[in-house]
């Protein structure tokens, strides 16, 4: 199966997969597999991320995977497929989390890496469980307005503000090789970042990111992460709400899309083993700009994975 | 405490309670109490009903509670307050259901009746538990596009398609005194209404409602319900989506607002003991028309309760 | 000057006048003149009617003025122009009312009749002053969800809930030849219709309109109005909010567009001398449906004026 | 391949096909095939119908294909698949029309019938060419606010106001067995319906439809069409804009969804050989109500086709 | 009374006050009081600011008042309450201005300072009257795209383009200690800034702000204002429309949210005595981003007031 | 004829022309003429630009044409008029292109220059044909996210991705004096910029623009263009979608409005002979921010033309 050819089929035609990749429900042997996680049962404020994967796919026909002056396109370098969605019950988080982990582990059994399209951030815990099962505790590059290392609240042990706390506690990640970029804003408690910092997580606030710039921040991240296998998690609310209104807990004062995309162009220098783009809630989007940005980020991550994969291959 | 006076305070001013009623977090001795149930964890399609109570209150300053040629206004006949919302965790349906039942039972301990503003329809089960605890198994007048007597699905024993099945099984209601009006559309299974009908529920489809008209349908409902204490549950999707786009599972081909409001004007002839208006999802609304309609329905229900209460008083 | 020809110029092209009529800022000798009244300083709830004329003009290229099986088109029967807008200060209602009256009187000095596009309903008082100055006290056909015969509130002697009370008090209208159709809903006071009825106004509620139907209601209106010169005022909120969400004080439970348009087809049997379509607030509209309906109503009123004018000419 | 099972996969999950049918790009041997026609190059006013098929599929997971008290579901009676979209260039109508005809003819070569999801109404000409090629000149049941029998304008021989004129001229249809229902509104020319009527087309205006009701109108249609193979074309603007704001040339004063759906329940009494639902422009929709209605109509048409097919089989 | 606890009550639950502060209609003895001013009668272009306070409160549950690495939270440092709204007639600006001044003066009689949530900018004149009555002529820190020192127009002596001209003329402010930041764009007259500059106002244009950066601009402001009591007025249109679309007179080319929030972090170094955040018109907002930003700004201002208050206390 | 005076007529009143200029359908002798090109038949993704000119005019009353500290206003320096729209058939691109070229050539015969408001970018080819007919091959300053030098696709020789390729091939422009600024994003082919670069076009990518800044980039542009007559074409998608969501092919990662407006302030140093602002699709806009920005850009271009014209006059 091949990607749909935009020279023949207009961008808005045909049933939309991510970047017009072939729809392969049970992929085997691909370098990277895209998978949707339509779920918002872990959302503390605005719901709607259950429609995130569908909205991202809908806009993704606009993006081609070939950057200016970068040589071959992503899909000339690596093989990719869209595996459709994980079937996640909206009624019971424990069942949903287990379903997600099982499906993602299954994908990793037969393919190189996955790019998960959220869905709320609680599912990143399922992703990290699957990734750690294969790679052991991983480094993390986490772009977000929020640290997501909160304790339980409202009777919810697991929700979209907790995945990285559980990941640290379950030893799925190496917190000393974990970088959180874009953190900002008023917080529920004065000590809300103490847990993360106490475990060695490197927090680069939104203001610090503005100060250091994308290149400088990439350098800091690289110093921390080094050659460890790294999971890259992008909460779309890392950018200012002007750039991504379609999200569950918007936080003013964030970076621009240009700054975040520029930062991500350095991911290929790392050794990434999994990716997600989370928290797109199209119910609050307009003109599809959040979904277009999420696609651009996902496309950039796939391209960086291609560059990293090629480098690994060549050095092998 | 008194209602806000619209001769002094514009309709859009001040912090909005339902119909500008006083905000009384722990009401005692009121004829009727309005209570919000901001929850959408039982929604199978479109979320957003967690913002329903807030949206309804926001538009409700427009409605005054005095009908043309009906004599005194609602609040000249009965005492009412807005008790705020039930604090419902979005992360765990079992905890949410118990919280709702406890709060609603508490309200019934000290007041006459409640009008619950949803929130998704799964919470009507909590309401019926509280009502049955006080009144024993009740009759039900249920306006909805869907029968909501489905079995579990997606691993969810309780969700917004099941409350009346559980209510029948838990003997909270008398199914032979239960009328469902407006049912329509394609269904998940050919036999999806068999459960309800098998227990004696009287189903008046949307087409039958159109045929019989509001007055004729009210007559049919009255024959079935008689003098039994009756719980009135209105799913806003009973009307056609043109009249209530802001809802979770819209069903084309329904009645108009005029037909439904006309039907509800007969509720005062019954002996109502509790009310709800559910499934308002403002994320899909526009121009607030769904919330304005929900207010109008809620206001009509309070007015009918006032008429029924006065009649009871007078006959006592 | 001629209307823009839709065979040459697409409906969305060129600077939009009402129904593509020629823009004539100071018209003389036309049978009917269309004039915008962009003002919402008299609005008690939702503003935005200041953008009403612009929105109506924007959609009006879709409407041609020729009905099925009705013979010649409106503009083959009478001469019409679009005079642009009245320049109404948003900051001071007294100045705005005087400005409107002066401009409308000026139009009546040199032309047959006007169709005013609102703008909020407070301006209908200015229109009635101008009309009464020329024709003496007139009959009124008033379609609205609200009677608009309220007393002052919030320190506002004049606002969009008062024009017909002032018109009665200023003897601009003959209240015994005044019909209000579509009145409904909860009201601010139990006696809010007493003033109108006490002066002889015939109120046909929304429910009565539904009962009698368009033809029956037209008959009742005609009995009341007879051969008197009649001013026709349509508040767009006369229809249910499903049909006209873009308005300032929506009232659920109203008639459909089909019913109202059908009623208006009888206006040509009367002797109309002036028209308005008020309370279009595009900020609350979607897909332009309120503006399209307002155009259709305005176009129907012009067509009825054409039929009435032709009949008068022929009988002269 | 099977339909996605809604007991396992939530309605909003997985890549959306029409009613969760299997996606079969080159179907063979199906009773009916659904096909999208994403095109709006023939639109005279509001574009956006190129996104119609995608929007309809997106909402169609909500609809199951089993009616109340109708016995077995559609897909228990006939075999169906979603063939994806026709790849239509937006830049050249002649190429687009030929592409559409070729693809639709191909579908008819190997399958029973198609349901085309538009896309603007100009493509119905391509559909009628394909259908006539197989069945000879067919009868037509056409629901629409507009007759679509206009001559060329703005230099466009073919556009969305002309398909039935060309179909008559090309003898693809038998105009004496052609019924147009819902026609209304102001028209571009007084004689705009003369062409259709002059060729024997039976026009039932919106007002006549209101008068006769769905059952009476179905009777009239049946008298005209008889046992001839009939193509059923539904322009979504047949309903009032309140029910379908998301369309290119909205026409106030139309029937409700309930009336139109009720009418369509009689299609199974005819001998239908092809179907379309056209002119859904999601850019003007809100809350997806137009797309949900289009799905409901498409689902009803498939169900009627199932009933007709079963009857044919049984009588064979 | 206490703030609502977000560990118990979800952010979207309960009747919304600003930042979940207690609702105290007649506050006494608080360090700071939040007060809504729902009014848009002074708006020259887009109305809707009458719904500003309600929209801001609605989103403000997301903001907690504790910054990263800033130590204790705002409400651990100072006592705050939400006093509800000022009841402002929409029909008469003179009455509205007097009502606002009276209410704000009353608040200052019994409490430390107020944060006014607008409403259009004309009300800042009422605020300055109240503030000057207590503190004498104050310094002003004014963030805005427009200087708001225009003369009267359209017969309106007072409107949202004039408050600072009146404030200078009424000697409520010391213009030589007045800084306007963010001024930009095309102006109605070439000399429109002459009045302000002629009185000694320091204007830092949007381009100059970009050049100097937040820290440099804060330094300039501090040099001008010194230790004088200062009123801080933020027109939300100071940021580019991308960050605050929901406003009455958007002006492209402005700073980002990050730049403005960064600048405001220096307010605590001054001696602020009053605050407002004006011109939020939710009718033009989307995804609530303007309201979320307005909350963030309001929360930052309260936090800066807390820092300043603590410093004053400590130095006392 | 004069501009509408905003001291008398509110910004939202009267039938809107661009910046309230007089509407002169057949202008003669003006320094600059504004002309709308309502067309989107060349759009490969999202349509709606046919409504661009109308939306831009609708918002343009807010912009006055006088910058801070710039001395006299635009319309004190040069004479301008709004010529209305070009009547472009949506059904046939060849006819549309010829119509546009003819009308634009006609304007240049009698006036100094034009500012075309799009409409999709395919029409810039018609503009360049008209301009080259008068001035010979011109230099080009092109701000856009896309190079628009693609070959044909989907059977479309001409579309909105091709105008500059055709312009180079038809020798309407001097590619060595052509600068494209803001180019970015993933492209359909790795070699998609080779054509442009191969002909000598200077491409300054979005990242290079960020690096060099507006002043540095202006310098680079000036070096390339020199004193040649230059056509300035601004595709609104040059800015990030946060600043201009209302466009057909949004591309994340672009510059801000402030950066682009700052760059355009240098256009007056060149010798501009024609202008366009293209690709505004209001169907995807919100709060009108894209149209307001397009106006601001158009106003800036007119002002720069005024400065350049005055300089030419003075040096003559």
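For reference, chains read A, B, C, D, E and F in written order, and residue numbers begin at 1 within each chain.
We adopt the following convention: a residue touches a chain if its C-beta (ideal position, glycine included) is under 8 Å from a C-beta of that chain, and two chains touch if they have at least 3 such contacts.
Here the structure is a predicted model, which means the values were calculated and not measured.
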| item | value |
| --- | --- |
| Interchain contact steps from chain B to chain F (minimum; 1 if touching) | 2 |
| Contact-pair overlap exceeding half with B-D, pair selected from B-C, A-D or C-F | B-C |
| Between chain E and chain F, centroid-to-centroid distance (C-alpha), Å | 37 |
| Distance between the centres, which are taken as Cα means, of chain B and chain A, whole angstrom | 41 |
| Gap in Å, rounded to a whole number, between the CA centres of chain C and chain A | 55 |
| Multi-partner residues of chain C (each touching 2 or more other chains) | 8, 10, 12, 44, 50, 87, 89-90, 154, 240, 242, 256, 284, 286 |
| Contacting chain pairs - touch in the sense defined above | A-B, A-D, A-E, A-F, B-C, B-D, B-E, C-D, C-E, C-F, D-F, E-F |
| Residue ranges of chain A touching chain E (in the complex, touch as defined) | 44-46, 153-154, 183-190, 192-193, 205-207, 210, 240-242, 245-246, 249-250, 252-256, 284-286 |
| Contact set on chain D toward chain A in their complex | 8-10, 12-17, 23, 36, 38, 50-51, 54, 57-58, 82, 84-90 |
| Residue ranges of chain C touching chain E (in the complex, touch as defined) | 40-44, 47-48, 50, 87, 89-93, 95, 154-156, 158-159, 283-284 |
| Residue ranges of chain D touching chain B (in the complex, touch as defined) | 6-8, 10-12, 61-73, 240, 242-243, 256-258, 261-262, 286-289, 292-293, 296, 299, 303 |
